[in-house]
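In what comes next, chain A is part of two complexes: it sits with chain B in the first one and with chain C in the second one.
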Partner chain A sequence: MIEKIKKEPPYALYFFLLAVVIIALSAWALWVETVKLRPWKAYQKQYIELKSQKLKSEYEKARYEFQSQETQKRYEELKMQLKKATENFQQPGVQEKYKVVKRELDLINEKIKINKAEFQKARGIYLELEYLYHKHQKEEDKVKMAELEKEVVILEDERKELQKKKSVISEELNEFTAEEEKYTAEIREIEKRVEEAKEKFEKLSEVPFEIKQIYINDINKADRCESCHMGINSSDNISELHPFTIHPGKSVYIENHPPEVFGCTMCHRGQGRAVSSADKAHGWVEFWTEPMLKGNMVQATCQTCHGDVQHLRGADLLKKGSSLIEKYGCYDCHKIAGYENLRKTGPELTEIGLKVNYTYLVNWLLDPKDYIETARMPKFDFSEEEASAIADYLFSMTIEHRIDYSPGEINWNLADKGKALWGQSRCSICHPTNSIGGSFKEIYAPDLGIAGSKINRDWLYNWLKDPKSYLPQTKMPRFRFTDDQIWALVEFIMSEYIDWDFNPQYNKPVQLNIKSIQKGKELIQKYGCFGCHEVKGLEEMKPIGPFLRHDEVSYLKVGEIESKVGAEISSIGNQPIERFDFGVLEKLIPNDRMSYLQQKMKAPRSFRDDLIMPDFQFNEEDIEALTALLLGFTDANVPTRFKVPKAQSSFELTGKFAQIDDDVKCLNCHMINGKGEEFAPDLSIEGSKVQEQWLREFLKQPDIIRPMLKQMPLFNLDHDQTMIQGNLSYSEIETIIQYFNHVLVSNEIPENIPDNGLSFQEQKEAGKTLYFDKGCQACHQIGIEGGAVGPNLSNVGNRLTEGYIFKHLENPRTFIPDIVEPNYGFNEDERISLTRYLMSLKNE
Partner chain B sequence: MKNPFTQFRKSIVWKSIFRRDNKDTQRNRARAISGNVFLHFHPVKIRESAIKYKFTWGMGGITFLLFIILFVTGVFLMFYYTPSADQAYWDVKDLEYQVPFGMFLRNLHRWSAHLMVITVMIHMFRVFMTGSYKPPRQFNWVIGVVLLLLTLLLSFTGYLTPWDQLGFWAITVGTNMAAAAPFIGFEGPFSEQIGITVYNDIRFALLGGSTVGQSALLRAYVWHCIGLPLIALIFMFYHFWRVRKDGGISGPNINNTGIN
Partner chain C sequence: MDNLLKLISKPDNVAIVIMLILITVYTVWAFRQAIANDRRKRLGKHVEGSDDKKLDTWPNLVRIEMLVAMVVIAGLIVWSIVLDAPLEEHSNPSLTPNPAKAPWYFLGLQEMLVYFDPWIAGVIFPILIIFGLMAIPYLDINPKGNGYYTFSERKNAILIFCFGFLVLWILLIVIGVFMRGPGWLWYWPWEEWDHNRVIYKVNVDLTQYFGIDSRSLFGFLIGGSVVILYFGLGMILPYYIWKKRNSDFLKKLGMTRYIILSFLFCAMIGLPIKIILTLTLNMKYIWVTPWFNI
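Here is the complex of A and B:
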């Protein structure tokens, strides 16, 4: 029995509705897939349109030029001439002559062939004989060998003769067709211009729409940026618009870092694999720890590979930022890899009570920059009470604080002598006074503009007498002044550089009570003064700032790089944004790394109340430079092949010269084998570079080589009868010369230059012509003529060695990498001539 | 001329595949179900009350459907994915940005996985509330619990495969919990007494090492794509088969026999 089957309700409507929904969804998915997630297609289309417009106009221009009367006239003319030439060539007389010559050439070619075959045969027999002779030592073989040798010589001569003939005949033959060929080439030249433009334009339609990817195999990096930035690596700019424009600064960035090797994101950051939207590709999305850097900030990533940012073209911000870190001593409170084991930025405060007066110290603590404009010390926003408490603590640490701080009577006569000495010793190269002077910025020397109201007279005397006895690691040279000279200088400084607003209410602490001293100590501990200064009683304290850079550039093996997920990230440049505490500013400023850093430097304590970082009063440019530098502090993972580590100099001065340097601080200005500063010329190869006699005279009485820039202090001050004693004694000068001649030499510099067969006079004349032809006088001065960019060459013949000049002219960058002087690519003859000419330039 | 299709249906080829005619008889209807490998899990007859949607919520079936979706999308994802620490994350990124319908595929897999955990829970809730775990279905309830566990393990192993921070730390935490298990975890009670160390405990077995690294990724991948789905399939079919054998989908007690 069949059960009654229940009638089902009609589902047609439901099926229909669901079918509509699913079709709509499928259409939507298809649209998302092909259009929405592939925005690069639109960009590529736009780019190709722009390019085709440009190429089309170029093609039209070429065609217009081709059709211009002038070109057409020339074109027709050439065609006529070609026709005439062909006719000439086809004439029976010419043709016959041509055939005769051609036959001759064929004949010679045949002869050469035979000659070659004979030569090969002789050579084969010779080798066979040689083998037999070695095996059996038969004399007859040797005789045959000698005969063959003779034969070979004859054959070779014959062949040379034939070839000479051949070239003559070939030329003769060419003359027949020369005219024809010439016109054909010219016609081709005219036609080619149009054809090339046309081809370029037509080929454009074949360009496929596709993702353009740069894949770097060993670090598994895929950068698809060029899918939208189509023109970024091309040579001509089709549009100024983004993303079609070309890369700026190509000579520095692209040429040294070809994208095929480096990709894009290694420098720019961002998400190279993403192509589904501009924000995603640029990494401006949540959780992408390395968003694309905008504008100048892109310099940050140079540090990923380059260890030395001070000498990096195109990374000015980093250079500035790095100098700022060294100047302000950020590393004193924050650990920064690459800036370790540097001396503390601030002076030792252990004996501060002997050095300065109390009022000054309190004023200074309140606002250093307000007091002295060039001050490095930041503003801590101390109240007057707090400032006195700190001053009390510091004074209490000085055992002997009952000293005379009064300025006393000024001896104006002595002060005048001091003024002369101040000038001769070039104090103002390093020390500014009221922000004037101090041209050598890399060495920070205190502004002495109000030193008279700050410093204790006796301390100043002791300091000038021997700076190291107060501060062993000081950069101040010991000028070996006599006592009279020192007193004169002290008198000058104390009388000249006075703060007229200074109120010497109390030069000593009024009262030193235990409570205030204790409070001062607590404040010093809280604000970490011991980071920059040596403070008595707090020697063991650790710097208080957070880490800024955990590891200096680490170069990992390929496998180690990607598997580093989960490693502790602690460098500020790629620390996740969640770890930055925006405090009360969370809703007020953009929550990204760059805004945080900029705000932190602008107003360090604005995030929360209890922050302790002081205000360095950076200006906008400083903040920009420091931000770029900090953004580049990452736990970088780059393979070894990209690294450009900082050259580490293990060079140490030795012997007596080291003692002299210790005293007068040559390396404050000069650099020797990577040690020292770049203010004055590099002395690494000075022994090979300059002549001994010149060096001796120079050290006795430094003269001026580069008038516009800087001068070495006068070390010997014997022209002033009142100041007899010199700084460098005769024996010291000899020590320096000996050291230069033995240690600071280069094997690359020849002692003598090669001879090119010309007489000395001829060489000199040729050199002089070359000197003016190449426009050397635009930068260099000889006598009273010439420019002042390069060194004065009036006396160069007495100063430099000929080997150095010769080598230097080959490539000026060999010895001075960032020299302004261009490389003219002189050949050896020219260099000999120029060297001879320059060596003849001598002051009589 | 005769209809070629009619001819074909009379051929030996057709008859070797379909062993019955299509006369609408009750016997043929029953044979259509029981003679089909995919359909024979369906009962030949079913009580009307058992297929009421408000009674079953269809959650078991939906869970199975999600499993099939996961199976299919998972196979497609495997074409683009490399279980290597260097490559895995970037493959996922490429799926998202490059592969045609890659984002759709990945999202489908991910959302289905989330949903499957939820539907399994709801299914269990329904079974519990309708008392379907009671005899004679008590053993199938146990199978169901095993299937819940397998679902969670599939979810857990799949979590590591994108090789991102989330997965990395989830697996770190999860396996550290395993390390605290008694006897088998090196941090758990009694482990010292029986010589369990960090190098031979359960965590080591799960990770293939003592930290989350390449071998952990590979283990997670193999379990996720082969081991666990295979085991789950076996249990699933046993589960379905037992539904039939234990008297079909439960319903109101009709004749007080204890068997519904």
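Here is the complex of A and C:
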């Protein structure tokens, strides 16, 4: 049985209220969808407003100019003139003449038409006859053909005649209307300016609101950055405001990397697809591994495609960072793609006990930079005890032939001779002394400011005699001094460069404690000294022991643990941020990649207690450069069409010249076919560039071409100063010249320059005029006059070959890509004259 | 505690927090109603809904349902606008996230995987749950409790349900969401997750306690007999006890229903038994077969 009970109320009010709420929420949802999640719409509107303001003002300016008195006057004038010209033309006499000429032209046109028709007919018949002749071989056809051929020739001549006549008459006819046309065109020109500006302005309202996207198919990149950054790739700047402004450095960045091909995020990173907020689009959100790089940091990504950052325009940070990596030898402990198989940064330590004194070594280990400002070795924060333990271990390797460190009596006479030798050998080009000198920064040479308190006398003698016997890989040239010279230099260094605060603990052989030696070995193993230094007895330690697992970055792959002390950093630029261990700093510094890298370089061990990376004491600029470089170390795989790999030089020196180079290290300063350094001139085409006789004289006695601290050292001291000694023997000089003449030549350089018919004297005079007209003397010196930016040209006629000068003037960048010298675009005559003039400059 | 707050405030877990609140509120509410009704009944007072009085579905119920639907729609709109879908890091086949968690409603099943062979936890148990739920109307022979709340009249049904739903389903989800950290290790809510934590633990099969290889025929037989013994005793013993006491319930239930009910009940109770064995004795499997492990 069903019994009804009281009914539920109808809840009309609730229904009404809820309906209102849902409608309101729907409106909110609509607003979110159309406005809030599409912020680019507002930017586009603003941009178009700015642009329309600009175009409007341009239009108004054009109109104002049009209405200005001057233009109006000219406009009216032109109109008047046009009217007058039209009137002139309309005059009965002129008109009649015009009509006559026109009729003549019509007549000729008619004639040409008839001629053409006849010509075509003849050709048609001829073709038919030709066919018939081939089929039936009738003689009469051939006769007819010959007749037709004659006829065709006549017709063609006739037509040429007519054409000639026609052009004459046409010109005559044009003269009648020429004035009129001229004025019409000028008037049109004035009107067009206003009309074009107006059209531009009006067309702007037709620009649609839309997401602008660059899609790169093969890497599936969709960059929608231009939806907000609308003016980034336009030719003129609408506004300085972000995001409407134009791309800075357009000539380097945009012109070489058109956005249609490269997109935006390949260089800038960020989340190219995102359009719902600026932060999202820039990738400044959690879990986006490649947030947009700000400011100079954007250089980081150049490395994705460019293999050679040392010579990359617009990537100064990378250049600096890359030099720092090579200088400090980061690759010794970390595996870094692109920096493989480089020589170890530090010197071999096996016989360090013979080289330096014990106290020095301990002090050095405690804080190298405190000791010598330019030191590359980082600070390991050893305690005094630890430092002596390491020193004990290192000294224990040479314990058998321990030496006396007591300073001897100084022979000042000898030291003076040594001082002269020091200058002549240009030691200070590479070696700074107390941070002075050492202008050649690309090659690290130790600061010798306190060498006298550091180095053992006998060791120094042996080193100067033959550096390679101690350190086979050294860059130090063998200067081939005589024993006397060497002793003089030793005396000079030992007496001049002394640390007056130095207080040697041991002048006698050091007593080493076995326990301490053992501890030293353990420390060397722990901190991986053998990463940078060759240490005998520790070669087997290279497959790193268990301490590596304490390392802070845990994404090392198994195979890579074996070879390096530190973590691999080849792809540190896009490793997920979760895999960086911020340790105790997790809540103290921002948890992003840049902060991590900067902190790691500022204070490497601040994350945890058990970290082993030493402190390189980088300054702010160094850290910035290294951060930019590291941010670009990614495993990003871009298609080969984007890649610009480093030019690999497979060039190797050969023969006897290679032996000479091995000894005096030509390639420390000079570059030959991509091998070597860029401190001194590139010698790749030296054989074609300089005259043989000059080269011979120069090698015997390098004279002054460049500023003081760039001069070539006197390997050969056979002039009448202090000591007489030939370093490069005559036979070696001949070897070098032979090598240059046969190997280091260029086919592009002609042996002789072309003759332009003028006499030698005339050419020379013309060249001289040109030299001063173009202002060459601003940079080059002849005699005692002129600037010092470019090489001194006083003796250039004896030095360079005429073919080289001739070719060089055509485009200086052909042989020296980053030369300062501008390209004047000389024509051949000018180049001949200049070459003749320069070749006449000879020192008597 | 930071960690717990982080977990609770994660957009992923909003649903779980809402669920927890709702379940608590409704459970408490239902029990209060049931206890109040029971008291009324004891005092001989009328319990609303326990008589045959009825109300039309249309429009009385439908209207309220419509109202509720509107509230839910409004709530969903707000929720979907305010909270974006929580994205995580780029997927990387060589580097899976740790811990890797299933959607929250599956976390109970995932938690079971800690104790069972995937075949059991992922296939057999879900099937038993679904079919068990479907069978309830046919197994339930108690006509009381329709239209009103009561506890005393449906004690067993309510207790079994509470155990099966609140403990074996909801609690496992809560454990999966809040107590499981990297490596699927147990973390209390006040503990911080530690990615480097390592716990050394070896689980062994039942027969290995006695030095018998669980994969051998002998081990197979022992394991199998233990499982069969459990189900056999669990199903036969109560039958004899009830039979001896001449239980009305058993008579009403009938043989078929009894077998199904007792099997499902044993299976359900087997789950926590295995969990306890694993937690206390490091038990891996009781019965190892080439096809499945229990």
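We adopt the following convention: the second predicted complex is superposed on the first by the 683 of 844 C-alpha atoms of A that agree within 3 Å, B and C clash if a C-alpha of one lies under 4 Å from a C-alpha of the other, contacts with A are read in each partner's own complex, and residues count from 1 in each chain.
Definition applied: a contact is a pair of C-beta atoms (placed from the backbone, for glycine too) under 8 Å apart; a residue touches a chain by one contact, two chains touch by 3 or more.
Please read all numbers here as calculations on a predicted model, not as lab measurements.
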item: Contacts of A:E578 with chain B and chain C, given as first, second, both or neither; value: second
item: First (chain B), second (chain C), both or neither touched by A:A29; value: both
item: Which superposed partner A:P472 touches (first chain B, second chain C, both, neither); value: neither
item: Partner chain(s) touched by A:Y14 [first = chain B, second = chain C, both, neither]; value: second
item: First, second, both or neither for A:G757, with chain B first and chain C second; value: neither
item: Residues of chain A at both interfaces, chain B in one complex, chain C in the other; value: 2-3, 29
item: Complex interface listing, chain A residues touching chain B; value: 2-3, 6, 29, 33, 37, 211, 220, 222, 271, 273-276, 280, 559, 562-563, 565-566
item: Chain C - residues contacting chain A, complex; value: 52-56, 59-60, 63-64, 66-67, 70-71, 73-74, 77-78, 80-81, 87-90, 92, 95
item: Sites on chain A touched by chain C in the complex; value: 1-5, 7-8, 10-11, 14-15, 18-19, 21-22, 25-26, 28-29, 32, 287, 289, 576, 578
item: Of chain B, residues touching chain A in the complex; value: 26, 48, 85-87, 89-90, 93-94, 96-98, 100-101, 103-104, 163-165, 168-169, 172, 212-214
